[in-house]
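See the structures that follow.
Next come two complexes built around chain A: one with chain B, the other with chain C.
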Partner chain A sequence: MEHKRIAKLLAVIWSIVAVLPLFFGSTNFIMHILIMCLIWSVVASCWDLIMGFAGIFSFGQVAFFVIGAYASAIITAKFGIPPIFAVFLAGVIAAGIGILVGLPCLKLKGAYIALVTFAVHMILEPVLKGGIGRAIGTGGSRGILTIQPMNIFGYTFTSSEPVPYFYLMLFVAVICSGIILAVIKSHWGTAFLALKDAEEFASCLGVSAFKYKLMVFALTSFLTGVIGGFYAHYVGMLSTRMLGIDLFVTLMVILVIGGVGKFPGAIIGAFITIAINEMLSPLGSFRPITLGAMVVILVLLLPDGIVGMFEKIFLKKKKVRSLN
Partner chain B sequence: MLIEIMDVIISGLINGSVYALMAVGLTLIYGVSKAFNFAYGSFYSMGGYIAFLLFGVAYFKNYLVVFCLAAPVLLVFGFFIEKLLVAPLRKRDDWEIKVMMITLGLALFLDNSYQVVFGARMKSLPSILEGAFEVGDFILSYQDVVIFVLSIGGILLFRWFLNNTRTGMSVRAVAQNPAGAQIVGIPKEFVFAATFAISTVMVGMGGILLAQKYFVTPGGGWNILIKAWVITAFGGMGSIKGGLYAAFIVGMLEAFVGWQFGMNWTLIALFAVLLTTLAIRPQGLMGKWG
Partner chain C sequence: MLKMTNVTKKFGELTAVNNLSFEVEQGQVFGIAGPNGAGKSTLYNLITGLYPFEGSVTFNNGEIRGLPPHQIAKLGISRTFQIPQTFPSLSVEKSIGVGSHFGSRDGFEHDYVEKILRFVNLIDKRDSSTGQLNLLDKKMLMIGAALATKPRVLMLDEPMAGSNAKEIMKLMNLVQRINREMGITIIIIEHFMKVLTELTEKLLIIETGTEVCCGNPVDVTSDPRVIECYLGGNND
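And now, the complex of A and B:
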């Protein structure tokens, strides 16, 4: 898709989202869901950037999210740093770990990268629960039960009043999507695509795989870590339950519905998926079954996601017009 | 002390042999069709649950009958899953990631279906052979011996199949050169589906064998998927020999780390070894790029 069209689509999406509190502002439950949608839309967009655009099968996005959340919570509790700065420190920590994970991945291909990054995800739980984690202050298997709420210049955001926090998150999400769009549009984005499509050829032309691959790891894990910090300060408690397969699959459904490599798709996918997920909750234990079946059917029927589908319809119309 | 070490080595050998059976299945699909199957762990649980169902029926109290009935069921199941879910995706450019997604969805679907149908409580299977060798303090149960013999037998049978039957040879041909195989008239699509089906049988058999020792739970397959995956990458994706060595190394490593440091550390140690290996040899112990 052209960059201008992505920008237009983003503007439309965010302005629609921005007026939603006018209708739902009084219902805390729906506002909470909307905040979660914003958070997951950022995480999913980052995943889309690394997987869809750069073509690196990174399966560690949830791990970076959890690292960011824990880091921010621990930094505020231990060093008394205000949450708004701690969130960025958490992002830096996540980016550091992202680069460390990216280093072995530089030499690897396809499913190997998926394994190494997924390994980070799998190791994180025993580490956070075990002796090392307890020494840092993760609270072991109990988790962290009290996290300072976010406050900016003396104004405290509480989860009982979600509307201000919703706008804060919207602000963050708009900035993150702006960054991602800028990256896709810039020289970096072209380099990512070149490395994805023909790595050898691209490196012959002087595109450094080393530099750009580490960059995409650092950038996506930074943004994911930051949003993880915002999540921690909003929810107020953390445990390793987030590392379960549920969240991972939800994120994957978001990408499937939105379309892999169709950038604003992940954002649309997040809103649709979280809404469907909440609507399915009366089904109880049948909910994950439906979710799984949905992934299977959607990958088969809508392989490019909703954005891909609209693109197809739109482009077909264009062709017909040009024929006339 | 000596007895303990002997116990650890034996448990490493037995786990290693079953891991080998399952890792060979995973490496087979990857080697032949370059598809990665995320639902592999769920097929493992499926083996366990099929055996559990068969043991619930009054007449079948025999493992031989269970194996003979479970194998065709798994074979047909695997064949149709490949034909219905994986094959349609193959035409696309980004089919690798799509296959990962669809099998992940399938895994979620299957695992939660088990939970609804069989309940979250763990199910146990009767032991295949009661009794044990006893030499002084040293005890070796017949069950462990049978598990070891059957998994090694399964791998040997599979090797015989690859080397001596027509289907097996065409599987090898497609793995070496898909385009060339098609030119000489080997039905590529059928071979892809057949390898998927065979790997399903292998992991399902592994599930039945290990279920006697470790129970069957709805989400129990994930652990197995991770291990089979680590072994496959460690030994080299697509290399069956490498997978065999890696499986025994991993089995031993797990047994010794679990014995010395506790079970929490086994996964960490496993990944540490894997990462070091991949840093030095990105293609794994015996793998080739391509």
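And now, the complex of A and C:
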């Protein structure tokens, strides 16, 4: 998709999202879901940038999110740093770990990168629960039960009043999507796509695989870490339950529904997936099965996701217009 | 300009390139030929930094062994691949722009990309996706992207493979223009002996990674050792 069209689509999406509190502002439950949609839209967009655009099958996005969340909570609790600064420090920590994970991945391709990054995801839970985790303040198996709420210029954002936090998260999501768009539009984006399509040829044309692959690891883990920090200060407590398969699968579904490599499909996918997931809650234990079946049907019918479907419709219309 | 000295590359027990030495002079069109599996493309992979190896490769008297591919490209060595490699996610213009943006020592120059698009006859397809191109255009695109890096040496890996007579003439003409008009040194791997004898000033024949003979193309192609190894015996 052309960059101008992505920017226009982003403007439409965020404008619609911005007016939602006018209709649902008084219902805390719906506002909470909308805040979570904003958080997952950023995580999924970052995952899309590294997997869909850069072609790196990183499965470590949830791990970076959890690292960011724990790091921000620990930094505020241990060092007394205000949450607004702590979330950025958490992003830096997540980016540092992202680079460390990215380094061995430079020598690997495809499924092997998925294995290494998923191993990070798998290792994280015992680390956070074990002696190392307890020593740095993760609270072990119990987790962190009290996290300082977000405070900016003396105003405290609490989960009991979700509308202000919704707008704060909307602001963060807009900034993150703007950064992702700027990256896609810049020569970074060209380098990512060239390396994804034909790495050897791109390298022989002067594209440094080392530099750009590490950059995408650093950037996506930074943004995911930051949003993880905001999540921690919103929910007020953390445990390693986030590292379970549920969140991982939900994010995958978001990507599939939105369209892999079809930014801003991940944002649309986040809102649709979370909404469907909530609507299916009366089904109880049948919910995951129903959601899974829907994903299978969607993948078969819309292999490029919703954005891919609109792209095809637009291209068809364009062809018809040019023929006329 | 480009000198290889005692270059050896082994893949386990297989020796793909065996103690090979040769030199390419500035402005030359240098041909490399040999039967399938002779190690020709491996040789390109060694020069462009894709594989590590033993021995030495110097470019303008500087050692390039051990440098990563993108740095070698920046020094002025560019290449194409036997099986066309393109960027389906990018348009034709953007694909050529990759070479200019990342590989050129002068940085991205829009006018130069425009010039290359005309040079490789892809100006009318500049907005097309590279996935939509036919085989000849894909080869032209690879050559164009490599030229956009402003190379001093262009290494072409079997550019005529899979082409018909008309396309071969077009490609031969393009290679000659790159060499004469742009002053770029060319190394070309090719199976078509007629193409090599017409285009090149010096021809190296290799078999199982070892030099069979090297010299004037007319002399080389009539050498009994070449006929034996490359053409599979005397054609009487």
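Note that in this section the second predicted complex is superposed on the first by the 324 of 324 C-alpha atoms of A that agree within 3 Å, B and C clash if a C-alpha of one lies under 4 Å from a C-alpha of the other, contacts with A are read in each partner's own complex, and residues count from 1 in each chain.
One rule holds in what follows: contacts are C-beta pairs under 8 Å (C-beta built on N, C-alpha and C of every residue); 3 or more make two chains touch, one makes a residue touch a chain.
In this text, all values refer to a predicted model and were calculated from it rather than measured experimentally.
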Which superposed partner A:Ala198 touches (first chain B, second chain C, both, neither): second
Chain A: partner with more touched residues, chain B or chain C: B
Partner chain in contact with A:His187 - chain B first, chain C second, else both or neither: second
First (chain B), second (chain C), both or neither touched by A:Met215: neither
Which superposed partner A:Ile6 touches (first chain B, second chain C, both, neither): neither
Touching partner for A:Phe286 - first (chain B), second (chain C), both, neither: first
First, second, both or neither for A:Gly206, with chain B first and chain C second: second
Partner chain(s) touched by A:Ala232 [first = chain B, second = chain C, both, neither]: neither
Where chain A meets both chain C and chain B, residue numbers: 261
Residues of chain A touching chain B in the complex: 51, 57, 104, 107-112, 114-116, 118-119, 122-123, 126-127, 129-130, 245, 249, 252-253, 255-256, 260-261, 285-286, 288-289, 291-296, 299-300, 303
Contact set on chain A toward chain C in their complex: 187, 190-191, 193-194, 196-198, 200-210, 261
Residues on chain B engaged by chain A in the complex (per definition of touch): 30, 36, 85, 88-89, 92, 94, 96-98, 100-102, 104-113, 115-116, 219, 222, 226, 229-230, 233, 237, 264-265, 267-268, 271, 274-275, 278-279, 282, 289
Touching residues (chain side chain C, partner chain A) in the complex: 48-50, 68-70, 72-74, 78-79, 81, 85-90, 94-95, 97-99, 101-104, 108, 142, 145-146, 148-149
